[in-house]
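Order as written gives the chain letters A, B and C; numbering starts at 1 within each chain.
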Amino acid sequence: MDAVRNGNDVAVVRDLGAGFVAASSESPDAGTAKESRSACKRPSRDRLLLEVRDVSLSFGGIRALRGVGFEVARGEIVSIIGPNGAGKTSIANVISALYQPSSGRILFDGKDRTSATPQEVARLGITRTFQNLALFRGLTVADNILVGRHIHMGAGLLASGVFLGKARNEEARHRQFVNEILDLLDLGDYRNQQADTLAYGLQKRVELARALALEPSLLLLDEPMAGMNRDEKKAMVEYIATANADLGISIVLIEHDMGVVMDVSDWVVVLNHGEKICEGRPEDVQNNHAVIEAYLGQETK
Amino acid sequence: MNDLAFAVELTITGVLIGLLYSMIALGFVLIFKASSVFNFAQGAMTLFSALTLVGLIPLVGFWLALVGAVLIMCVVALVAERVAFRPLIGSSPLVIFMATIGLAYILEGFAQMVWGTQPHGLKLGLPVDPLKLGSIFISKSDLISAGVAGVLVALLIVFFQYTKIGLGLRAIANDQIAAQSVGIDLRKVWAIAWILAGFVALVAGMLWGSRIGVHFAMSLIALKALPVLIIGGIESIPGAIVGGIIVGVAEALGEGFIGPYVGGGVQDVMAYLVALIFLLIRPYGIFGQAAIERV
Amino acid sequence: MQTAQQHSVSSQQRVAREWRPATAARVQTDTVALGLLAAFAIVAPPFLGDYWLKGILIPALIFSIAALGQNIVTGYAGLISLGQAAFMAVGAFAAVIAYGRYQLPLPLSIGLGGVVSAAVGVIVGTPSLRIKGLYLLVATLAAQFLIVWLIQRVPWIGAGSAVTLNTPPVYLGGWLIDTAIKQYYLTLAIAALLTVFAWNLIRGRIGRAWMAIRDQDVAAAVMGISLLKYKLLAFMISAAYAGIAGSLIVFTWVGAANIQEFELDLSIQILGMVIIGGLGSILGSFLGAAFIALLPILISISMHKFYGLVGDHLVSAAVLANAERVVLGTLILLFLIAEPLGLARLWHRLSSSIDRSIAAYANRN
């Protein structure tokens, strides 16, 4: 995977494409993948992919985050939960470098990337989806996902403008890659539809596809199932499981649906009022007094 | 010492002219606050109203012409709001901005078709002799114009801060949906904002007209309200005032001290030069607030 | 996030939402019509008089190039710019100085017009990372005034509020470009090259990055697209196109660079071409430019008809010019309200409805 991320090398990309096809055919039943994962224990701490250390964020006198810290190891699904306004999206924005933390550090793959720009973070292999739909509305589904291939393509101004040889081949190759992702997420039928003409649930799925096209090692999903019905949620859970188990992508999941969170997570971080109030295995967090308090407190409001 | 006196004289003149810019800029702020529309046509409205006034004066005399011009500006403002902007509610700000460019073209073309393209003089009976303070000369007519502009600016501030409609305007600027839900009638407030902007355009047209005559260049002068707003901060009333004065002073000093070396015309670009400097070092202006979101 | 997303709303979000090239459906009529148009552009001109060439076809092509540039920055990258005329001026003066004063070959001079203008475009676009929307607009407006002002005052260029530089006879290699028909074909060739180049950019990686920034700049950034790089690139290409258009004004149309032709009004007209022709459409750039080239003639004819009816046969140039302003302003408003995708969209509708009728007719038989 790492080799692929760095290069535009033809053979490697083709191989990975084949990997995608294999992945999709291997996992018609994502449930199996999930079970095998939840069976395994939290991976050892020396394989840390992301370290959020003591991050605070404030703007306009409001402290959105106060000394939040947690870790994500390779291959894990870590969920961040908490009532509305707890700072979940803020932490996602800090990780994807849309916000600079006021203090604290963020390490990715052991290296400090606290002051990186969003596009640098993307090139490191972190990408995300958004709570509100954030598709490129004017582009087709395929073109949306092709934007996810941006960092893997290299055609410069002149090559693109002349569009012969190298640029043309590159475009064709990455379109093929996109086709495989479309198949993987069952979006093939919508390939040439303009993104914003799709139903809401499908748009969410296209966003996931776009993020996967970037071949991230860490994927942030900000409420990927918000506003979905049961069937759509079920499908989305399967796609996320596929991404995690078969493509080896570590995931930070922000989600309100506790059923989903308890099912898929290896580790759960609970935020309230911008502070981490607890973290642990799903079953431990579920019984934690402070967590119940935070949620009950919200319900009585 | 001579230079100093010259500088003081230029500064005073600059402040006086700056108040005229402030007034035009307030016309922009009015519409911007009410509807988030950046009204490129404010300059064209200024030209349109001044041309209408000087066109009517020979026909019906000054006072009737003034009344006529006020009424016509009301009609223009209402028609513009209804025909051009109501259908675009919900469009992106840039689409609406482009629509105001269309409106500007219509107003400029129409006014010049009806009243002709040749420059017209406009005599308001302001004194022509300068006021002498020691070795400093100040134009009395500039002083009076600035006074009128100052009064109008003060009235607009009072209107914004203390009247019900002004409160409505500010509420809408804060949050359209919330304002609507507490019973503020958006359309009524918009209509009033446009009428006020039309009225400001008329006063500006009269004052500028008496300074430089009424002709097409007026449209470009009124356009300088855009850099004024960048300097002061787009949504800010004090910003419009301070920005206007900065531009006025910068123009006067620039023309006086730099102009002779570069063949004049410094005042045509000074506003934009200052605005560019602000855009580079403080893009949201003196009184503006940077959006929290970085991207 | 909310605010960021609202701010990122671009000039044609509405636009883009409604329009998608319905590839399968419109292939036939569209292709046939464009083929006919291309054939007309190549074959017909020798049979048209100089009035047609110099009065309509050459300026329409030149302004199409400038409008293409405007469309790249505004229609595709979603950045508003009101400085296209100033970039044209930079190109025109750079090219005429290179060709006339330094005797560089013609292709190099035209290229230089594009390159110098592109460099200025990058400088003007620099604030676009920190500011957007209306703030950026004022920056480009400032550039428009400052550039014209500077060209009028730098002694090296020629200095004077009406500075005009004439070009010596225009040679391409050993071939003297002196008649309208030669000028036309040279313009056509350059326009064709630039159109293909723009079309390739738009459908590839760079064009997608522009449209991604236009539609959702935050999402574009987390996909690894450098906002600064692609915004500057859009400004650069846009200004280069304007610069080449400006140099063609000198070499194939007017024969001189005259600063008074490059005022704010022209910038507004080019923006108007793109709005009327179609934001985010290459075809639209051509339709808009052609439409605005034809507009004065249409107005002149109809005004004369109208005044002829009321018995007055003299229509002054000033009245015509102002009538043009009114009509252009009205069209800009009408298109923004009723058809934000402009003439290009109207054409696509027409062609696909013809396709459908043909298909229906074929099915019946």
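Note that a residue touches a chain if its C-beta (ideal position, glycine included) is under 8 Å from a C-beta of that chain, and two chains touch if they have at least 3 such contacts.
All of these numbers come straight from a predicted model, not from anything done at the bench.
Distances between chain centres, each the mean of the C-alpha atoms, put B farthest from subunit A. With centres computed from Cα atoms alone, the innermost chain of the structure is C. For the interfaces B-C and A-C, the C-beta contact count is higher for B-C. Distance from the subunit A centre to the subunit B centre is 49 Å, each centre being the mean of its Cα atoms. In this assembly, the C-alpha centroid of subunit B lies 31 Å from the C-alpha centroid of subunit C. Centre-to-centre separation of subunit A and subunit C, using mean CA positions: 41 Å. In subunit C, the positions touching at least two other chains are 1, 4, 12-13, 218, 221, 227. Among all residues of subunit A, those that touch two or more other chains are 98, 118. Taken residue by residue, subunit B touches two or more other chains at 292-293, 295, whereas all remaining positions touch fewer. Of all residues in subunit B, those touching subunit C in their complex are 38, 83-84, 87-88, 91-95, 97-99, 101-110, 112-113, 116-117, 220, 223, 226-227, 229-230, 234, 262-263, 265, 268-269, 272-273, 275-276, 279-280, 283-284, 291-293, 295. Remark: subunit C residues 1-2, 4-5, 12-13, 15-17, 19-20, 23, 197-198, 200-201, 204-209, 211-212, 214-216, 218-227, 233, 237, 280 touch subunit A in the complex.
Residues 1, 3-4, 7, 9-14, 78, 80, 127, 130-131, 133-135, 137-139, 141-142, 145-146, 149, 152-153, 159, 161, 217-218, 221, 227, 264, 268, 271-272, 275, 318-319, 322-333, 336-337, 340 of subunit C touch subunit B in their complex. Taken in their complex, subunit A has these residues touching subunit C: 89, 93, 96, 98, 117-119, 121-123, 127-128, 130-132, 134-140, 143, 146-148, 150-151, 153, 155, 157, 160-163, 167, 170-171, 192-194, 196-197, 210, 214.
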